[in-house]
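Across the two complexes that follow, chain A remains constant while its partner is chain B and subsequently chain C.
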Partner chain A sequence: MKLRKPLLITGAALLASAGTVATAASDAQVSVKAMADALHLVMDSDRTIYTRKIVNRLVKKEKVIKASEHFEDDKALVLPAQMFRFGAELVQKRAEKLPDVNFSYSLQSLWPINKQNAPKTEAEKTGLKYVAENKGKNYYTTEELGGQKYFTAVYADTGVAPVCVACHNAHPDTPKKDFKLGDVMGGVVIRIPVES
Partner chain B sequence: MRKRTKIILWGVWLVGSLAFAGYLLSMLYGKADPALMMPGPLSDGHHQLADDCAACHVNPLGGGEVLQQACVDCHGDVRKKPFDSHPAAKFKDPRNAPQLAKIDALHCVTCHTEHKPEIIAKNGLSQPKDLCVHCHADVADDRPSHVGMEFATCTSSGCHNFHDNRALYTNFLVKHLHEDPIKADGTVPAREFAGVVGEIMTYPHDRFPVQALTAGDMDAPTGAAVTPGIRRDWLETRHAQAGVNCTACHMPPDASGTPMAWTDKPGTAGCAQCHDLEVKRFGQGKHGMRIAAGLSPMTPDQARLPMKPDVAHAQLTCLSCHGAHRFDVVKAAVEACTGCHDDQHTLAFENSPHGALWRKAQAGEIDGDAGVSCATCHMPRVDFDVNDWMSRVMVDHNQSASLSPNSKMIRPACLHCHGLGFSLDALADQALIDRNFNGQPKVHVDTMDLAEQDQKRRRANAGGDDAGMFGF
Partner chain C sequence: MVVATAAVPAAPSSPYTEFTDPHLVQGRALWLDTCEGCHGYGIAGAPIPMQPTEWAPRLRKPLPLLYRHAIEGFFGPDDTYMPPRGGNPELSDSQVRAAVDYMVALARHHINVTR
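And then the complex of A and B:
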């Protein structure tokens, strides 16, 4: 009997401290840059896996299916760039119901096949040029769009599989036909709204 | 003025103002005559809802966000990919803020304004003429075939559709270059309900196991007015052959699943137990939109198209076209339509090439699915998603879905029997449409020519290789 009370107190104390730790952890501040870097790490990893393990394997290596922009009509795989964009659109839609979650991202290029994916803002133009000319480095800045200030990060997007360069070099609408494996082919732009 | 007089006047003003405010509030929240509140006539798409403001204005004091939600509640599911090439999600990226400041592509009313007939075009749109140019001003840089085109011509017949562009994108056009105007052995796809009913999770298999019933199985209660004609009709239909007994339709279950009391005239709820997608689509078109909004069924006298006066007050439900107990889909495909519609296009059907094919099919001279009825084009057989993992070919009971713009009809209807170039020309020729396609198109749309020019340029750019155009 004597042991029970101290044990109870110790247990309660442990639970309380665990609760405190949990609360502290959930309230801990993450820098905007670290958040953008983390988001990009997830995006880039998923994108690499889809491109290598799904598209490149099934299209180039095992030759069992095509990948096509018109995937429904052609009964084909979704292109890696479309996969990325569909994800971005779904994130946007789902984030509308999460007031604490607010960011957007897109895949762009200085040599886009679809011209809607060319850089539009000054930050995008400068950032895409920077990551193309400074391999391995990211570009960070702030900009104001539609009256809202954003932290904007630009990350290089490289050709990670033969299908990337093969398609972009051969596509009739491509403005650049000499991409090589490992080249910077575009960039991922992540925006997080910040207070002015 | 004396002080007392002033007080009286102020009192009269105050009481009068409060009474007027109360009157306005009672109109907003009560059952005021909608005509008194109507700021202007409704478009062809919504005029049937004129006696129910709350169908769209679900909150009397709500603003644009309430109206936007009302649009999405009814039209949202047909605005999803792959049908919509311009989903709202595409515009919410902050990088599009400068374009959005010029054209608000996030809200339906930017192009679909209501109550302003003076700015609404024939197709029901109040679309700004410069809609496309703010994002696509440089289109001629990529498409030399488009040099010199006026920006107001983007949405001309047979060119671009903002939402559903599936019959008009370059690769699709190129695939269909130089097709014959009329394809040999053209047929429409067969319906798949019977074949896939076992896989439809929402089908009430427990109550209606798929097994043929005979006259002795009829479960109508004593006293129900079952005539020999009704008995014969039921026995000869697929309902009896598929195990759907009398009580299935006449005693549909309530919300708890308990069968309700017998009713001689069950409503659409009875049909929706098994044909839920058909009923849902019916409610999204002009035939069923009033029922879907909780109003009395549509009657032909409410239509803006010419209708036959002798059926002016006939109510439009499932049975109007299908008829109880026999559910004659042949009759529903033509006679049901011509029984009410009285416009040039409808009246010209009988002597049209389509009408001739329909008669041949009914006479057994050609395959049944090679005949062309009103429903073949206006209620086409579409491979419709039942859920995320399966689809079935069914008759699309939203006959409004492929009408505006009419190029939306190309893929689900025209292309089964006609070449794409011929279809584009025919659908751009209003006089030919009025004659129900009796004759040849006198209008030529440049779309296919532009696609061919573009194909040559792209081939040259790709070193003569088409591979890059269709994936890799």
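And then the complex of A and C:
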């Protein structure tokens, strides 16, 4: 998926129209916002199915295995958030060998247990704050990093199971101990390079 | 027990209708504190009471069954998971029932408005 000819429009117009890219295989047009939304839909659906069909079913319903942050030591399933992170890391690694594929995603939080998962750019910080304060809404912007312009989208990541909330609240490294079920605990950041 | 009760406007932009029955006033407060985080947005497959198509089938179930699902927890047909007491173990049975009663009244209200 290369957004190689990305943008027929620039600057502020990019956000207004969400940009337009031509696919390599045809002249069909797709907006960069639609591309980010589609990527997030796939990620979120895969994670939801893992949570429901693997974790909920095997851990809570049939009680045949545990899910644990320390899954190797505990011989347990990886947590849904860990599965998501592993996917993001593998995509990044595999994409290095695919020059036509150029996007990245990550799971971040304003209250990270692991400080590496804190936002780094202003767009990430603003976006994570926005999705936490405006539940049900996404955040879209553009930013320039290292001379490259990016379309950056942030989607809320919500605590959907008591174990997510309880573990974060009780973790010794957590900066926030009062999460409730259904709270926005972080966000998925998707970044797609675009031409100015 | 859900009783017919008058609805009063909530905050202008709030979809969470207020009712005059004191039991539902209490239920609304409990629902907002514990349940709204998921049921207000459909998080983790939680049915949204403002969506008639999501709640009509549930309203055909006996109320004691809805109470039991909320108190004990419930696995949906697609392995969705409703945690016991909405994930708030501090709620008593009667408090959970009050929150369920409010959600049922809210769903019925939105179904009636849609009609």
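One rule holds for everything that comes next: the second predicted complex is superposed on the first by the 155 of 196 C-alpha atoms of A that agree within 3 Å, B and C clash if a C-alpha of one lies under 4 Å from a C-alpha of the other, contacts with A are read in each partner's own complex, and residues count from 1 in each chain.
We adopt the following convention: a contact is a pair of C-beta atoms (placed from the backbone, for glycine too) under 8 Å apart; a residue touches a chain by one contact, two chains touch by 3 or more.
The structure presented is a predicted model; accordingly, all values stated were derived computationally and were not measured.
Could you tell me if A:Gly136 is touching chain B, chain C, both of them or neither one (first, second, both, neither)?
second
Counting residues of chain A in contact, which comes out ahead: chain B or chain C?
B
Examine A:Ala161 and indicate which partner it touches, taking first as chain B and second as chain C; both and neither are also allowed.
A:Ala161: touches chain C, not chain B.
Regarding the shared-chain residue A:Asp37, is it in contact with chain B (first), chain C (second), both, or neither?
A:Asp37: touches no partner chain.
Which partner chains sit in contact with A:Thr121 here, chain B, chain C, both or neither? Use first/second/both/neither.
Touch partner of A:Thr121: chain B, not chain C.
Could you pull out which chain C residues touch chain A in their complex?
It is residues 34, 36-38, 40-41, 43-45, 75, 78-81, 83, 86-88 of chain C that touch chain A.
Touching residues of chain A toward chain C in the complex: what are they?
Result: residues 48, 51-53, 56-57, 60-61, 135-136, 158, 160-162, 165, 180-183 of chain A touch chain C.
Report the residues of chain B in contact with chain A in the complex, numbered from low to high.
Of all residues in chain B, those touching chain A are 81-82, 87, 89-90, 92-98, 100-101, 135, 138, 141-142, 166, 169, 171-172, 457-459, 461-462, 465, 467-472.
In the complex formed with chain B, which residues of chain A make contact?
59, 66-70, 72-74, 76, 79, 86, 88-90, 92-93, 104, 106, 115-116, 120-121, 124, 145-146, 148, 150, 163, 166-167, 170-173, 189, 191, 193
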